[in-house]
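Beneath this line is the structure, given in structure tokens, with notes to follow.
Labels A, B, C and D are assigned to the chains in the order they are written; within every chain, residues are numbered from 1.
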């Protein structure tokens, strides 16, 4: 069986230690990387993940639970929700981590994947008398014992988007089983823009969309160690990524924290039977995707935490510029807050309205989760624009840190970039660089582009809202009020609320 | 004491009966009105209120509770919230009633007023050793026994807005105590655009804003029967109000339901001591307004129920026009739904995040309540615009119902305004008139203008968001991430979350 | 030949006189109307049309031209544009008339129709050696001699929108030729929501969309007197229309001016040969619609004139409320102005970029005209919402004019609805009623719903922008900058700008 | 006198040659730069400027004029507008250069400065019998003879924004005269984020805002060679600037073109008398700023040219992804175009409405110029967001160019990042990198942040719109329509249109 060799991780330090000495086949800007824990471009993403362990140490009520499988305290990211409150607490932890890191801390995909898989494996078993759910529970218990990081690998590279997986010219354009043995299966293919894989311990590989009967080999869900044989990683570039290679800590904007996205290529990588949680049940692929995206779209509440940082930075720089009393400045901060709280409120509303699946695991409301994520595809862009507005043009024209440190030129910068008397020029520059980082630079990738496309691009939410919006029910409401006689066949069902409204009008 | 003569109202029918035979001094379009229950312009607003009783009969879990004061089942509108779930259930009932009536059912002001008053009277007593809270409990028990309708009268006419109440040229421009006797007080003044007073049984009179020490006579809270001596009502006009006087049921758009707003003028009206819940404690006026508006801004979730009707009507008319399959039509319905669910989600999030006041009564989260209401000042306008888009120009150029009924002309209309073959022309016209009603006509007042100004105009929410947005906390987040050393005095408080975030990060 | 009996109209008074004594078959709310000039609901629309003559008297440079056909000064509404400046002057006149009337003055359809027809008749002749253009010139000269009002009737009722005209179950659902004689043709069918027909002298009947070869009988363009035999009019209802029947001049909001829309039903109405300008050339129907909508979409610049009134009313009422100094009030007025000037600027830009057609007549730029109109489908709604914001809730809850005039109640209203000391309560009520009129009432139909649907609903503009947006050209720009080698076939055409950009980069 | 040694520049090549061998005191990332023409980070900005000369060669009608001062053909950027058409042609040239470079070509500030200065020097002379205008004409003639590049230096670093220049703790925080001699003046201070100075030949130094009588030493306008003694330049950092230092041409996004912004520090730099165009006439500083910003705000029409590239890139990548037929994709391209054309239309409308100043030089309409610029502070952000939407997440997670070129890894990327069969993976990557460049990378600085702050931040436009919006005129329109009697003092002026509307209603 597989290499379950990680001792329980009890702290951020344990976590950092756990990443050392692994052999990964990883390329970054054309070069192999031996040790991710010392690479300046990768380190900030490891720090962001480590923050999830640090929060567990500092605020255990927020960031941990007692595992029902082991009885020990573990990260909330490994917990399967037993109640709507559990769903809500995920959101609260997410916002807090967004505040503390100002970036994507990359651990939600795995959390949402285990929650989705919990109920889907249960329902596959129910339909096909398989035993995926028990296998999954065993896997999950192991994870709880290790208190480790699970990544979720879902997004296939997709090739020609008008063709099904089995119809592609190259069969590898969706991850698939290439070979079966008595011990397990071998998979090939690639997952694109994988958030937080290199700093994880295991990945859950899952299909990316609805599959048909000819796509059976693509209907594979399984767990695999990040350092398994047959996996190649190519690190994704981010705006301003090489600033992390420069000396100093100003121009990089946020010296400590950053996101991470990589391409993950499987070349006959092995998954043992015990870690296979779907194999061929193509008709459950859509359900998995639905459940996962419901959880994950509401997980974007994390961006309200990053938004708190953006608002704070904008307010700070306005103060440093000496204009914080102007009514239009204050009004823009209110607007940013209004938008930011909308992201938070719609997300937690989806969680609060959560309900039990047959497996007992709680699922959030999909309509509100999609409403939340759809706002996330727009509001951070507007918040970001307003932050640049408050920052002033200097955010994009400022001299470099090396200039500031230059013996001659540095004096000129300190003289001329002085704002309010009490604020050192360097502090003002630091705050402006943080805003650059969040709106154009490295963490703009997480705050903006990932907000747009993560958990599904805008149109994916619109499709889902269209599926859930119950027009028949709403048309009946209007028909009755307009004084139109309902046709007999519709009158009969006038009291049917449909799934969404049934949940809405159910006593809390 | 006062005329507590109403037997317990157990049904919509009981309610309608309870309104008969009262002597009100009411003017409508220059004429006195003897019996409100038979006046065609007023009747729809009574029907809307009656719907709250009908829902209690049909869905008791949604619209009633067991009174902790009497042990009997009463309307949820009379209930003081004992939990966050109670707050949430108010929202759910509100959305349902919006769906069933397509208008403002006018009973939320009273509900939110008793909730606010419950905790404020408790806190005044605590500060001043008064006994308002006990008086209020007795009053509330009486209301529960009657299961009647309480209106809340808050908005003074205000005169010159740059002056405090006591500074106004005319002292009556804010409601005030004019005389005191051993039995109680007499009040004069006027409350503007009072929603749902004539169809209520009692009104709670409350101050409208922060008061100063010279405004003591304005610091009066008390209950008064709607038919008390000294009260004059002038009915407010609404767009298209007189269509209710025309024969037929098409052009009126929503023949059954409508809102009601009136000016209420007190001319030395009497409030007995037992029903006085604040008298002179001017320093608590702001707290009352804060609490009330927190509840009431989230009560605008009702508009998502009306929004369901608007969406349903737009979908229905698109179908009648034969264009429901067009991608842009479907996309507009998705957009309307996305906006509408945002109103709902932000409102219930405020309720879910509710917390106990010292009195035990639960209060919703003010930041999210303001976020909700602020969306309500915009989104219904956009939903309404999209509904007109889907309706087509006919919504504003259609011939009258009398033309349709004309022996000769009617045939032409039926021939030429035919849409899809299976839909009678009259049905299409009815649906278009409903959209007109909701976007330009009588219920546009409730769906649009009241959404804008009710519970405070847009700027009022922005002021409140500004007060709650905790910039100091957010600036610290940014300062830490920017690598700026915190000044000693701020470093000390780096862990302080402030009231909003303390609540956010509190375990659910 | 036809009854060309109108003497030249030289003044608003002449115009009013010209409408008397005509026999029209017109129904309004189920009743026949004998004399439109005395009907209180119709009169405001006649006044609005008369304003076009009054402006000609008062500002001849703005509202008249010297006819190239007669050498006499005539209304600019009858002029065929000889230059881009002529196009621009139409817009300026439109804005001014919007300012003076606060409504739709209903004369642009005819203006835009004669301009479109001028070039299209020319091009049909060129293709088919017909002589429509000469006929049209003769007709136009006659119109110039009379200086009368021409309406344009385009919008068919359309029936099932998925079927072509000849495929409809009822052949009359698009206007068509039913019979031909040596003298001319007879037409049947109906035109929906016809703006300004009853107060016109002639109508130009035109097809509403692209036609196919089986639709030849629908390919008819011709002129017909408004009072011709065989035409029935049914007056369209507008929000609050019956307030014009009430005594007084306050509640009606804008006592003088209003719009007019009617259904026009042709039952074998006759068009003489001399006034037929297309008969069967179905392949030119699309060109006509294109040209007409290009002109007409930019004609919505008139709404910026109405917008000036809305902004003025909002500013006035803010002042009356004593809040005009608040920064958020001022900022909202700026926002309204910004939006309003965008409508104006995009419209006149389309005109300024006008160019000569083969006939010599100038045509505006279609891309910018569509950009203008598309803003018009949204911006007036937002301006209107902001006006209601500045007005306060009173705009939708105010007592009636009869109450104000009531001996007893009137005193109370004057006392309690007093704003700023120097402003009579009645003035404040008048201003609020004007805002109600423009945002919910009668002129909201013109300012909002007609802005949405007139000259094509929003999607029609998007379709047109899609057709004109020259993606191939733009993709080439990006391809070159991305450093991608252009495929040989595209490299060859890299310098082709396409029609829109050719015009853009042509020397002015 | 000064070193007027540049021979006439007749081509892009001449221009590049003219920049060689100059001695500039320039620092970039802490290092002095000897030769700007070979520095990889600076070169793209020189190329962008060179494109203005190349366009002059290729499209002389668009990009050149015959100088009225020399009779020779010169760059349109050096031309003083003699007509509204001249203003419009500036916009057309700007859009074309935006299309060709995909960035800011940095030559508009100088163009707008000479136009503003032309009329302001004339009016100062008129007021004070000075002879600045003649001096300026002589200077301009010299520039025409050289056909060189003039930059405009306006934005002072400002220090504490609540204090006037003379009140600042450090008097150098606004550029000022430090010493006078018989030959001229010496200036000290700094200009922030100076667009395109290093690749210019001369700079016009101008005050940045309204000055008071104690600010006389700050009221200095003059010309100075870029390589004059006493000037230090510090190059501003841009997002992803160091990608220009990497090998290859993909990751940089737009290998050829980029913007340039630097801090310019004057340390007793000398301006000879002949080149001084204001010295102490502080009361004309505001007029200069007004005129300059009117021109310059409408110059942002250039962004519609860059927008064409963004739209083209988004359309191209959608096609490469194989999704160009999806209705939502097409609709987003329409939306981008609609926004982009709005920028163009409002800008050229401002130019078309231009009018002659006393000096004969034409000035654009300020209201519409501000309307244009205000849209520019928002629309490019939304266009950019939509471009990222169409690009897909790959735009921010793609492997590096070095990975693509890696012998082993490169194959994997070519296999897995394949989109549509006919498109090489490298081309798809190039297009995605161009979008990254425009929305997050180097040219996002020009397309987004500069759009926000250049020519004044958003609030500056709102202040200007507020000044121009003529509320008194608009209130009168509303007052008349509301039926309110005009007060005698206002009735008298009812016909006054005010400056903006006078221009609007003036015959074209």
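Heads up, the rule we're going with is that a residue touches a chain if its C-beta (ideal position, glycine included) is under 8 Å from a C-beta of that chain, and two chains touch if they have at least 3 such contacts.
Computed from a prediction, not measured in an experiment: that's the story for all the values here.
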Over-half contact-pair match to A-D, picked out of the listed pairs A-B, B-C or A-C: B-C
Same-residue or different-residue interface between subunit A and subunit B, half as cut-off: same
Longest centre-to-centre distance from subunit A, chain (CA-based): C
Where subunit B and subunit D are represented by their mean Cα positions, the distance between them in whole Å: 51
Inter-centroid spacing, subunit D versus subunit C (mean Cα positions, whole Å): 39
In subunit C, residues with contacts to at least two other chains: 328, 331, 462
Interface residues, subunit B side, partner subunit D - complex: 327-328, 331
Footprint of subunit C on subunit B - complex, ascending: 27-31, 155, 157, 159-162, 169-170, 172-173, 190, 192-193, 232, 234-240, 242-243, 251, 261-263, 265, 321-323, 326, 328, 377-378, 381-382, 385, 388-389, 392-403, 405-406, 409, 412-413, 415-421, 436, 440-441, 444-445, 448-450, 452-454, 457-459, 462
Subunit D residues touching subunit C - in the complex, by the definition given at the top: 59, 61-62, 85, 88-89, 92, 95-96, 99-102, 249-250, 253-257, 308-313, 315-316, 319, 330-331, 333-334, 337-338, 341-342, 344-346, 348-350, 352-353, 367-368, 371-372, 374-375, 427, 430-431, 433-434, 462, 465-466, 469, 471, 473-479, 481-484, 504-505, 507-508
